[in-house]
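Everything on this sheet refers to the single structure shown next.
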Amino acid sequence: MSQHLLILPILLPLFTGAVLLLFSGARLAWKRPVNLVASLVLLLVSVLLLLRVTEAGTQVYVLGNWVAPFGIVLVVDRLSALMLVITAVLAIPVILAMSAGTDRTGQNFHGLMQFQLMGLNGAFLTGDLFNLFVFFEILLIASYALLVFGGGRARVAASMHYVILNLFGSALFVIAVGLLYGVTGTLNMADMALRIAALPAEDVALVRAAGLLLLVVFALKAALLPLGMWLPAAYASAAAPIAALFAIMSKVGLYAIFRVHGLLFGEMAGPLAGLGQSLVWWLALATMLLGILGVLGARDLRTLLAWQVIVSVGTLMAGWSLGTQEAWTAALFYMVHSTWMTAALFLIAGVVVARRGDAKDSFMVDARVASPAVGLAFIAGAVALAGLPPLSGFVGKALLLQAAGFSGDMTVFWVLMLCAGLAGLLAFSRAGTSLFWRGPVADATTATTASTDQPSMPLMPALLLLAMSVLLVAGGGPILDYLAATADALLQPTELIRAVLGDRYLPGGA
Amino acid sequence: MRARSWLPHPTLTLVLFLIWLLLMNSITPGAMVLGALLAWSLPTLTRAFWPEVPQVNSSWKMLGFILMVLGDIVHANLVAFRLILGPTRKLHPAWIEMPIDLQDKFAVTILASTISLTPGTVTVEVGRGHKKLLIHALNAEDPVALVAHLKARYETPIREIFE
Amino acid sequence: MLLGISHRESMLNILWILLLPLLGACLPLMAARLGRAWCAGLTVLPVLVALALLLGTAPAILAGQVLQFELPWLGQLGLALALRVDGLSWLFALLILGIGVLVILYAHYYLDKNDSGGRFFALLLLFMGAMLGVVLSDNLLLLVLFWELTSISSFLLIGYWYQDSGARKGARMALAVTGAGGLALLAGMLLLGHIVGSYALGDVLAAGDQIRAHALYPLVLVLVLLGAFTKSAQFPFHFWLPHAMSAPTPVSAYLHSATMVKAGVFLLARFHPALAGTEMWGLLVTGVGLATLLLGAMTAMFRHDLKGLLAFSTISHLGLITLLFGLNTPMATVAALFHIVNHATFKASLFMAAGIIDHETGTRDMRLLGGLRRYLPYTAVLATIAAGAMAGVPLLNGFLSKEMFFAETVQARVFGTWHLLVPVIAVIAGGFSIAYSLRFIRDVFFRATPNWLEKKAPHEPPRYMRVPVEVLVVLCLAVGIVPMFMVGGLLSVAATATLGEPAPAFDLVIWHGFDTALQMSLVAMVLGLVIYHFRRRLHAWHERLPLRDVRFVFEAAIQGLGRVSGRLANSVVNGSLQRYMLLLLMMAFLLPASALWAWPHWTGSRALMPVDPVTAVGVFILCASAIGTVMTHHYRLAALVQLSAVGLMVALAFARFSAPDLALTQISVEIVTIVFLMLALYFLPQYAGNRSSRGRLIRDAGIASVVGAGVAALAWAVMTRPLESISGFFLEQSVPGGGGTNVVNVILVDFRGFDTFGEITVLALAAIGIYSLLDGLRIDAPGRPPGQLINPHPMIMTVVSRPMLPIALAVALYIFLRGHNLPGGGFIAGLITAVALILQFVGNGVNWTQDRMRMRYHPVLASGLLLALATGVGSWVFGYPFLTSAHTHVHVPLIGDVELATAMLFDLGVYLVVVSATLLIIGKLGSISAVPKSTEASH
Amino acid sequence: MIELVIPIALTMMSLALLLNLFRLLRGPEITDRILALDTMYINSIALIVLYGIQQGSDLVFEAAMLIAVMGFLGTVAVAKYLLRGDIIE
Amino acid sequence: MNIITEAIIALLLLAGASFALVGSIGLARLPDFFQRLHGPTKATTLGVGCTVLASAFFFSSTQDGLSLHEILIVVFLFITAPVSAHTVARAALHRHVKTTERTQGEPWRH
Amino acid sequence: MELLMAVSIGVLTACGIYLMLRARTFPVVMGLMMLGYAVNLFLFSMGRLATEAPAVIGRAETHADPLPQALVLTAIVIGFAMTAYVVILIIRGRKTLEHDYVDDRVNERDHGVAEQGLSKRAVPMPPTPASAETDGEPRP
């Protein structure tokens, strides 16, 4: 039975989602615990997988008993396991926050949430390029429904851009996958990596084109400039816990780049090694710059956070394009940190919005949230996200700067990193003083739009995530060891390829 | 009239059985068993969708009618051949109102479809309470004669079959 | 032995010195409910313990030992929890804890009943802990960590009275400036660590020569100095400090005497061995110190606010200390350290005195005050002594360090031929210092008492509120009278630790002859009296100066920055999908194009298929319909009809090129899609005029053509190449392994069943998402086309729809059953079923149909998914992975051999999902405009 | 004989489809376009069947049959839309 | 396959294609919508009928056993084609689509 | 034949992209559909073109590459689901935003404005079908 642990991160949410759908008329009082318990089990499974990978190396699950490269395989390596854990950890506070009442503002949140997890986990686990596309579609369509959850003008408008751009992105994905199949004749990524390594010289350009196209697709999801412009409006308008969940969405693109480009265009790929890194470098810097401007210009908390996401996207992509073990270690750490902390702050923003009534999270309206607990949580989150010590952002930032090195061509990166910190400092201090210090005490119950069913928003979920930041710093040593090994494995994908293609041409079937 | 509950549409059952055999394109025991099962179960399952069962008085007459219509289709198509390829100025298009005496909706539909299938005429509209049909004719030099022709050739046999 | 190794037990003590205030920060929060006294008491407790621990290390420190503590933390980063206590850090820790205790005591009386004591004391302890962290760090990154923590906690302290706009703005300004400096410091420390190869303070301090010789040294120096100067309010970063005065006075007394601002000069001292000694250091540090000294002293003279005066005085004195470090002589270092101690004592007491005055009179404006000696005689004496120390009056500690300072300025050669600049400015600043000290005393305590004060009759503060001031003033006197006894040994070890070499021999005496320093002091004294005499004229002159309040300038700058940034960001991210789409398109084109630019291998070696004229016609129709769609896209219905012709031609293409399954699927999907779009169009305008400019249209057409050509070229390039793919395996294994002859179907339900699984999940999710989107939505048609009164369900359509249902279901079953071996399968069968039911919707209406269908879509949808799931999981029972299929031949009497494959069960799941998802969408969409059931006309 | 006739028949069908295309693009009434599409669907049946004969394979038969069974739904939907706007109500 | 079967098939194929073509010619060249309606609805249907019949003959003679499933196409088409013709015509009628002046009579509209 | 296929793909792509660059929702959706056709054909053609070679064992001597066909099938279904979703989204958008442009230029984040739902740009309501005779085409 334990060999099936690998597929549980996909099947468990699918099962839960389908059951929630089966009883879609059931009361929320039943759906909430089901969703939560399933996610806790998912977390357990994910942690078990992570431990197993740490002990026993890369694990492969041969779907349908058809060996690679013919059937579809699931692959759990350190990176996949990490992504699983990040996602599961994120899911729990999101569900808790939604279950306080926001889940009443729309339909089928709990089912959609499980399917969202299924899509994410599938994308993290699959070892097949087309199957990756399929899981991308699952996670996208779930995210479409979640983004617009609760309705309203801003959400619908933002959703429209998000959906249409992503549909175009999916078309590009199919073209890229098709092209790769047309040239290499396979879909299994490990097999494809081998075939790309042995590619006839005249076909190299085609694969290069396909690889760059894939990069565009992933960069669209990751929200790299100039493809990430959908993000600020989408994140700023979504229901706060949904926006928190979306913190992982932009990381999926990054994961895909690490996974696909790491495997297909790693050092084995000869002339194709490191494909796109130099280009992404400059785009990433531009993304950071734009994010900094947006952070400085934001006039409400959720917009500020959305732009902060853009900054972190730029930072992460810059980290990726450095292409060294140190940089990837740092980028992975920063990814874990920024996912959780972005989510934490969106959850806090949700609390603020719920308490400020009509003033929402605008800095321009005088109404202060008079809760010291919320204020403290905000400070902690802001400190973490702005990259100030002593929380995890500082560690991530310092690691990235160290990894970038000290040569002259890193100057722009250094300047941008420091400016990003400063911009975060300025913006968050403005936000904090506006939301917690200025004006009369906000009272959501007197708000004109608030009715009796104004969903409440607890602080506890955000605190759970903030605790993760402390954990990241306090337990940073072992975590960084794990991430360093992850980066090593990504740069040396032979172990993964061997695990997948052990006995290549055994006929399958029961 | 109410159909028996275990066999709501005997005619439909027969038709479905034939369709199934045609679909399978072979007459094997398996196909026949499955077809019979299907021909019985589908009408039962979908009974709610077709509550009023058209009554077929004479299957032989119906067969004869079908053959006649097929023949008319072939014949009239040859006529249409000439009309379409010939000079369009010589056509005499016309709107024709055809009073009908049929009561059953199914029968009216069969009539309207037959008129549409035979070249030169298309049923455009069914009057309120299906007392009359609006027909567009491609070339009707004598509309009155055409109406009489249609009534005699199609409406009468249909009434005999269904009413 | 300079760097002695410590005792084991004291190592843990060091950690506790740091941890006690940090952890103790929770105590006041918890004690807040118990009342102010408990709050203060529990606050002072950990500080006293920490102070005791610190004093316990005194013998070792005074003996020249260095105590260290190290705990590995983030080795990968180079960050360790490493602490050190040497003379320098001991000195600072003493100031932080000692003055901290006094400030806590003072604050206990100072705070109003309405002020939250818990929050105040917690923040104070947090800040104290951070400061201790800065001075005790033995690791560069740890130092930065605590450094930024002081910025954050001081932000919260300055903004303690957050209802006050000034407090908020002052706090933000302080955070902005010191936080920015902290970032520079981080960069500097990372560079230092890079140069030295270690972040351990000891390693760095020992590598001074290596650092100074390194190409990055100038950059490192500038970055570290940025950190120091911003924190210590050095020109031109001094402006935040006066505005931080919005804080409660205990905070000011603490931050601006012993702690926050001293962090900057601490940094200069700490990194002295590593960074000092170069011309650049001299010029920068001395220059900035000099400018700050003069500017601070002069400005202090023009402040009418007591705390404002003290603030600029602080700036000036920090400039003095900075200047001394810049001079870079051992004696200057001793002087600097000495002045740090002295300034802390007299400035803290002055702030406290100012707080008492404010507390008792309700104002701090010196123009309104006067004659307070009558009401606050005791405070007046204390304040006068402290002010005397600030002015540098003999017998007080300030005099001694100022004398040393003057003496050092004369020796200064930093500015080469301009060396006289330093002593001259020092004397001028000294003059101003005397003048403003005089003003502080005279304008507040002496002069005539204003009328309003007489009515108010202020009185002395509570007994124990004065104690901190008394203690500090006594210290001023004691140090001023017996300096060597008081601080001689401490200064020596501190200087040793600072210099990294044995401290110079020095002697602190009150009288050392009528030397240059004393002469300079006298000149300054005279100058001070003159300045004070002409103060009114000076004030009048100052008021005419076109100076703007820095706070407004800063606020305006920050807001301007925000506005401009926001405008820039929003001009890029302008909310135009067309722009986003265009950019995405350009990236998607240009990146692959860059790879294929000038690629010579566009045509491969594969033999091409001969052109068949019928196919050519098909392609022509396909292209013409596509272009027709584009040409008529404003007339949506017409465009839609042409679009579905395109779909039909695509289906034919699949049929033509040996993909019967695809043809079937394409046709089915096409028909459902048309129905669907027609439903949708009802809620949209039918006609949309052209609003784009001609240029835009041509541009878009051009881009579209180029991209289209690119994709076509790619397709061509691949199609003309030979392919060696994994598909041979599927063809071989389809029958023996998958149990079906239709390889495409076997791939779908077996080899790659997992894809199909995902695909039906997508479909199910789309249906759920659509259901959510439409839930509660009711749309009245934007306007009905003419003829709206006609019968909604034409009889012929209604009648034909009814027999079509069982017939189509039979066809669906047929298609389903043959799928595994021949073109067909669950998906197509599902669509046929859906079409048959949609026909009922179209022919009979939503309510009529749903009444008869009695199908709840969500459960069916879920059942489909669960069935597929169960099929997949079923193989676990037999020890096989998910979705492993099994197939067998069963002999059934009458029927014969029947082939059963578990894949068919999976396909049934697919079927259920397709039917229910499609109907869910159509039904929901149909019902949003539907008339409620009760009013529906029967037919 | 069949080998000879099939290309002729195919050519005639192509011609028929081209004529349908003409009407589809030309209009002028929307009903003309719908009619043209409907005719294209029906002609496609013939084309597919012809192609099947040419290939000697009836694997494409179902495609033709599906058009015959379901093809008219599109036409009906569009026509009903023209009448009422809402095709399901 | 004997020559007679082959001849029948050939004839049916030619007839079918001709009917379909003529129907489409009607659609293309007749002067108003209601006249154009006549071409495709019937001629084309018959064209398909002939072609499908040819197919039935063809596959009955090339494969073992009768192949009659082609008949289904005709059946389905004869059921559905009048409905689509009717609904389109009805839509045109109610949209006041013009007819040539020589059209006799006036249509009534509900 | 390969050239014909390439041309078809190219034309469909170009038409799809042109439509996707329009400012109103419906053409964009049509563009996405068109692009969907193009992409499916592209993916299909990646298995190379074959005639008289259906991938049904025993029904032909050679077999076309079945894998891209299976992939296209999946892509068609996913495309169908996505089209359905986006169509509903634009309906919802029309209702919520009260116009059918892809961009809602009302700056939601402009404080106070969002709540009132005020539109800075007066979005012209498109003519209703009632006023647009015969779907707006000029009559002959």
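We call the chains A, B, C, D, E and F, going by the order they appear; numbering starts again at 1 in every chain.
Throughout what follows, a contact is a pair of C-beta atoms (placed from the backbone, for glycine too) under 8 Å apart; a residue touches a chain by one contact, two chains touch by 3 or more.
Computed from a prediction, not measured in an experiment: that's the story for all the values here.
Visitor: How short can a path of touching chains from chain C to chain E be, counted in steps?
Guide: 1
Visitor: With contacts defined as at the top, give the pair, A-C or B-E, that has more of them.
Guide: If we tally the contacting C-beta pairs, A-C comes out ahead.
Visitor: Tell me which chain's centre, taken as the mean of its C-alpha atoms, is farthest from chain B.
Guide: It is C whose centre lies farthest from that of chain B.
Visitor: Between chain B and chain F, tell me the centre distance in angstrom, where each centre is the average of that chain's C-alpha atoms.
Guide: Each chain's C-alpha centroid was found; their separation is 39 Å.
Visitor: Compute the distance, rounded to whole Å, between the mean C-alpha positions of chain D and chain F.
Guide: Using C-alpha averages as centres, the distance is 23 Å.
Visitor: Give the residues of chain D that touch two or more other chains, as numbers and ranges in rising order.
Guide: As it turns out, chain D has residues touching two or more other chains at 10, 13, 17, 27, 29-30, 34, 36, 59, 65, 69, 71, 76, 80, 82-83, 85.
Visitor: At least two partner chains per residue is the criterion; list those residues in chain B.
Guide: Residues 19, 23-24, 112-113, 123.
Visitor: Among the residues of chain E, which ones contact at least 2 other chains?
Guide: 18, 23, 25, 37, 39, 45, 67, 69, 72, 76, 79-83, 86-87, 89-90, 94-95, 97, 109-110
Visitor: Enumerate the contact residues on chain F facing chain A in the complex.
Guide: Those residues of chain F that touch chain A are 20, 25, 28, 32, 35-36, 38-40, 42-43, 45-47, 67-68, 71, 74-75, 78, 81-82, 85-86, 89-90, 92-93, 96-97, 102-104, 106, 108-112, 114-115, 117.
Visitor: Under the touch definition given earlier, write down the residues of chain C that touch chain E in their complex.
Guide: Touching chain E: residues 785-787, 789-791, 794, 796-797, 800, 803-804, 807 of chain C.
Visitor: For chain A, which residues are in contact with chain F within the complex?
Guide: 130, 134, 137, 141, 144, 148, 151-154, 156-157, 159-161, 163-164, 167-168, 170-171, 174-175, 177-179, 181-182, 187, 233, 236-237, 299-300, 303, 358, 362, 364-365, 449
Visitor: Enumerate the contact residues on chain D facing chain F in the complex.
Guide: Contacts found on chain D: 27-30, 55, 57, 59, 85.
Visitor: List the residues on chain C that touch chain D in their complex, please.
Guide: Those in contact with chain D are residues 613-614, 617-618, 620-621, 624-625, 628, 635, 637-638, 640-642, 644-645, 648, 651-652, 655-656, 660, 663-664, 667-668, 670-671, 674-675, 678-679, 681-682, 781, 784-785, 787-788, 790, 792, 797, 804, 807-808, 811, 815, 822-824, 828, 832, 835, 838-839, 841-842, 845-846, 922, 925-926, 929-931.
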